[in-house]
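A, B, C and D are the chain letters, set down in written order, and residue numbers restart from 1 in every chain.
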Amino acid sequence: MDLATIVQILESTLRLATPLLFTCLAGLFSERAGIFDIGLEGKLLVAAFFSAAFAFYTGSAWLGLLAGIAASVVFALIHGFASITFRGNQLISGVAINFLAAGMTVVVAQSLFHQGGRTPPLSGNARFERIDLPFADALRDVPVIGPLYSNVLSGNSVLVYLGLLAVPLTWWVLYRTRFGLRLRAVGENPAAVDTAGVSVVRMRYYAVIIAGVLCGIGGAYLSTSLAAGFVKDMSAGRGYIALAALIFAKWRPWQALVAVLLFGMLEAIANRWPNLDLGLITLPNQFMAALPYILTVVILAGFVGKAIPPRAGGEPYVKER
Amino acid sequence: MELRGISKAFGPVQANKDINIRVRKGTIHGIIGENGAGKSTLMSILYGFYRSDSGEVLIDGKPTQITDSLAAIRAGIGMVFQHFKLVENFTVLENVILGAEGGALLQPSKARARKLLTQLADDYELSVDPDAVVEDLNVGHQQRVEILKALYRQANILILDEPTGVLTPAEADHLFRILRGLKEQGKTIILITHKLREIMEVTDEVSVMRRGEMVATVNTADTNPSELAELMVGRKVLLDVQKTPAQPGEVVVSVRNLQVIDRHGVERLRGIDLDVRAGEILGIAGVAGNGQSQLLEVLAGMMPGTGTMTMNGADMDLSLRRDNARTRREDSIAHVHEDRHRCGLILDFMAWENVAFGYHDRPEYQKNALLMDNAAILEDAKGKIERFDVRPPNPMLTAESFSGGNQQKIVLAREIERNPDLLLVGQPTRGVDIGAIEFIHKRLIELRDQGKAILLVSVELDEILSLSDRIIVMFDGKIMGERDPEQTNAQELGLLMAGVVGDSVTGDAA
Amino acid sequence: DPALIYDLGGKFDKSFNEAAFGGAERWAAETGGTYRDIEMQSEAQREQALRRLAESGSNPIVMTGFAFSSVLEQVAPDYPDTTFAIIDGYVDAPNVRNINFSEHEGSYLVGMLAAMASETGTVSFVGGMDIPLIRRFACGYAQGAVAANADVNVIVNYTGTTPAAWNDPVRGGEITSAQISQGSDVVYAAAGGTGVGVLQTAADSGILSIGVDSNQNYMHPGQVLTSMLKRVDNAVFDVFSAGTDVETGSFVMDLASGGVGWALDENNESLITEDMRAAMAAAEASIASGETVVHDYTSDNSCPVSVD
Amino acid sequence: MSSRNMPKWADVLLVPLFSLVIAFAISALVILAIGEDPIRAMELMVTGSLGSTYGWGYTLYYTTNFLLTGLAVSIAFQAKLFNIGGEGQALIGGLGVALVCLYVPWPNWWTAMIGAILASAVFGALWAAIPAYLQARRGSHIVITTIMFNFIAASVLNYMLSHVLRPPASMDPATARFASELRLPRLADVLEPFGIAFSRSGPANVMLFVALAFCVLAYVMMSRTKLGFEIRAFGQSEPAAHYAGISAFRIIMIAMLISGALSGVMAVNSVMGGPQRLVMNAVEGAGFIGIAVALMGRSHPIGIIAPALLFGFLFQGGSELAIETTIPREMIVIIQALVIMFTGALDNLVRQPLEAMFALGRRKS
């Protein structure tokens, strides 16, 4: 394998990992606060659609991003409404969210654009531009480092950098701020937070809203950066892969980055070599597609270190029985 | 501080009825009452954890709206709950500052808190390692964290809900020293307990609750334990149970060197030897959490252990590779679990189904190889409900629609009417009203008189004293000694329960 | 009334199905007639969609896509009075019209253009589902490229092995990026809706692309070299116009009959040099006359030029 | 889920009914919002799915799918296990059906049907067995593992259909067609002897009766057998089941195996009863609709019959809608989502006011 191939795989990895990263961090906030979120997929999808639709109408990717975030937050609030306010089953609510998004995007897209659940292709400012990092051109010819910096790191959509920044930011918020302390506490023992004079409901709503915002950015990236427009079901299971990455990362931000890069790379490899010839065996495309899920099951089975979710995860907080 | 006309209902349960109470500043005020009297509910209302249906709170004479815990904290109230409210995988420091960080960033808050904690530790003998993770601490230390949390928030009124239930006597004494120290600093303390000894020892005033109502408030100096006991239960306590002397027969169950390590790796039983004979009640006394619950669960096949156990001469498999709760029932061991809500009953099942629960695979309940004979079960249930005077006598009601005492009767009916050779009973009268208590005690004696062996675990010393034919005291997973109920008294048992043999304290209780 | 069922890529894939839709619309506009159309959501609904139209009396019924073959085989005998037309498929029944295109010939032409326009000497192909039909495109394309430049390097990739491959623009874009990193500077997409992503990435990265089925030159003016036209629209238009009298049997629409071709319009004028135009004219004439025979992959499931 | 404050009938009937009404009302608003007439939409759906035997043929065909997947989800729910993997189990069940139909020379349809039921049940059960085992022995959350197994199943099927089972000449990722003798008798064939004319087009077939029989069997099992007693006990209270000596491992495994088997059997209908070959996505989301059906039917084996029929109606009506109007077929996905949301997660939204009403009524009387 030559350097050019490696560079291309890494470039592709970074692009494909970005929507996973946002979604995974979204799940991290939500689940750390004790709200299980299998509705990541749905939020990602609905954000992808609304950002594409608004970017198309306004001609601005940034306005599209805002619309995507707004749509995703609305879905997050529905989840919060069901699982926090009405103490419903968080898993069922998540399932419903996913279906709602799958149906809603197509129905609305069809009614707005009459293109079979698509948005028209986006061009110009309706998509996020690629940003060249400083010195990208100057460094291009430096061996090894050059291509890695100039091709892999530089020249990506602004949202890719935002995603990379979100990781340390998440870490900082979670472990270095009052808000993070309370957020983690509410996912471990909400009664402790409640008796400490902090509203559990409010903290949990903050968490699902943050999850909504992050999914919103991920969805916008999908349709206005990675692709140029929305097509039906374009999230294509990425929300579930992000969930898998979250478990893989054991609900921690830096590990989440590693996990999504790993899963992004699997996708990049599967794109490059549909049938990966390893000499002894040839791995079909389908195997590569299933690998993130298989790895997650292995992690869940506890054969490779135990993944312990936040202790109050999935449980509605009920004071009076 | 004053509470006026507080009422609170949980669905159909009226936990507090029109409660009035005044607590004077700088005193230790005790609140006593039986299980379920509504003590915790009242205090949770004061702390804003629950919201009262009616009534008002006055602090320093000013009406204060306590809408949530934050309001209570602001009003200077701190509370140590019966079940600690700690984030177990956080450090002590993080638990202490949670909700009172004093700034958006954690590092400066932690530094500030660390300084304050050292100071509090010195002032009140409350030393805890601020960087220890809470789940690694023992209960006594966890409780200190709770107290520190309240003090850190500058609480002037400190509520402690049954703080000694999980403590060894030495730890309890340490706690009382702390409380007296706090009082000297001018803090007001409300101490909830149902242990009369503690009330007499530390409180200045005491209020008595019964069935959701406040029945009296008296000066501790002006009262005595028996008066308080009478107030608590609402009539002269007849703790004597009518019974004839036991006629112990063969050894039914025999246990040697029983050891248990629980799922978290904690040693619960450290080498128990005991025998229970036919026709006797062996009572096990001890402070909650000293291994009694595990003893019953191991014998009942719910929890694995090591050592040997023989039942009617046959070896039982303590590792539970072959045995389980079902095979123990087949070996004629019945078990009244101490937690009837979690284990003893399926609350959503109807009474008749609960009567078969655990014995549902018995041949008399089967119609043929495939189907159960629901009619037979229903018939059987009707009989048991009648004989045990379960009210209302309707087998079609779900278990949760019965009151605690009647639920307990359903469990007892199911287990006792099997005529087991050995009956394991945990806390048979917890949360049960007086009438039902007498009924249950009578049934247990009857079973004994039929020549069955009974192993009784209870935290109520009176119950142990009045029912048992022999008493074993457990402390820290070990047997501290055996006593004859006729020749011992609460004082002596209390010492044993505290790990004191003769005059020396065993173990590292303090 | 006539009716039309689209394959899973959907009516607005900008390519194959949209071409069929265009034909139907043209017919409706010209004749003032009405027609019904259905988009399916999943493989399992093919039969229901077909029966539903037959039940409700639509005639003739056109369907786009080889995948209907197996289903039509079952359904056609149940409705002997209805005429069915299948594009890209083959069903041996008295009431079925089979319409096939010589995609290899059209692909050959655009392959030549690709090789002529390429500066790197590497051109590429992104196929949708990896099936013989799409390999026919790839094989024709490769033959054309080699014909124009014997040293050309042709990279061939497919998006997947299931119908989802027709509608995955993100994946199409990623595959295109990979091909670009391997040196390709002209990419031909024969992948339905996935092609939208291929053309987009090509435009973003400043290389040329080639559209398929419909004329896709307009999608990125000046950046789409040309489009391989597959006149599905004409096929649909013909069937609709003939109405219930439509002839059954097998029909091949090839270069000679105008069934396939390449697109030249104001969007790509500047990209097509005089030399290219001349070469195209010569090649077209040669193929039409039978002088040049473009190998059809599906005739023996093999290609003289590697397309794996 | 039960409640002290309301009679049982209200809990079982009124709550789902009100939830359904809300879900439908919101759906109507959506239809209105996209500029269509909800009343006409409803009419179209009713005539399209119930107005002809052709419509019934499809409605009942879908109903059969949902009966089986709804039952599958219900049995797992009764053991407090949320089997979200019905989709994957049915896909793999379909593989079982295809294998026995293609490679075993069955003499006639009914032996083939029995063979296919057994094969699909075994395949579906095996696919559920791994998540079940991981839950029972290693505490891995079954919801997450079954989701993962759905995706893995899709990949397996994708591979099998594109590389292994596809006939050499075919371009479809689908198996060859089964022998025509194996075609299951459709309702038309079943009803003919009784002189009832029924459309031959609709794929509803004898599997409908098999599915109904499974409902009855499941009812008997849950209410009259030791196993059912233990599954229910375990589902209501795991510690109590432990106290009674009911093995958690055994119940989790058995409940999930039954659940997986039922999901798998659903494929007999959608593969043998429908296209007569295994195609991609033969399950069409029925595994997920099973969740909605089970929630509405309160996980009761008989209670799910009405919701299964309702969803059969929605599914068929929805495709009619897509043909006759500009409302896309995805409208029914929205309805499905709303039903799951309101009957499953927002249950309390309906329950609390209802409870308050009953409490008020009681106080008055």
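As a convention for this text, a contact is a pair of C-beta atoms (placed from the backbone, for glycine too) under 8 Å apart; a residue touches a chain by one contact, two chains touch by 3 or more.
Worth saying up front: this structure is predicted, and the values here are computed from it rather than measured.
Student: Determine which two chains are connected by the greatest number of contacting C-beta pairs.
Tutor: A-D
Student: Of all chains present, which has the mean Cα position farthest from that of subunit C?
Tutor: Following the centroid criterion, the farthest chain would be B.
Student: Could you tell me the distance, in whole angstrom, between the mean C-alpha positions of subunit B and subunit D?
Tutor: 46
Student: With chain centres taken as the means of their Cα atoms, state the distance from subunit A to subunit D in Å.
Tutor: 30
Student: Can you check how far apart subunit A and subunit B are, centre to centre, with Cα atoms defining each centre and the answer in Å?
Tutor: So the centroids are 47 Å from each other.
Student: Distance between subunit B and subunit C based on Cα centroids, please, to the nearest Å.
Tutor: It comes to 77 Å between the two C-alpha centres.
Student: Got the subunit D residues that touch at least 2 other chains?
Tutor: 158, 162-163, 330
Student: Going by the touch rule set out above, which residues of subunit A reach two or more other chains?
Tutor: 117, 286
Student: All pairs of touching chains, please: list them by chain label.
Tutor: Between chains, contact exists in these pairs: A-B, A-C, A-D, B-D, C-D.
Student: Considering only the defined contacts, which subunit A positions touch subunit C in the complex?
Tutor: It is residues 4-5, 7-8, 11-12, 15-16, 115-118, 121, 123, 130, 222, 226-229, 231-232, 234, 236, 267-268, 271-272, 274, 285-286 of subunit A that touch subunit C.
Student: Which residues of subunit A touch subunit B in their complex?
Tutor: Subunit A residues touching subunit B: 175-182, 184-185, 188-189, 191-199, 311, 319-321.
Student: In the complex formed with subunit B, which residues of subunit D make contact?
Tutor: Those in contact with subunit B are residues 2, 4-5, 220, 223-226, 229-230, 232-233, 236-237, 239-240, 242-247.
Student: List the residues on subunit C that touch subunit D in their complex, please.
Tutor: Residues 36, 38-39, 41-49, 51-52, 55, 66-67, 69-71, 74, 78, 129-133, 161-163.
Student: Write out the stretch or stretches of subunit A touching subunit D in their complex.
Tutor: 38, 78, 81-83, 86-93, 95-100, 102-104, 106-108, 110-111, 114, 117, 237, 240, 243-244, 247, 284, 286-287, 289-290, 293-294, 296-297, 300-302, 309
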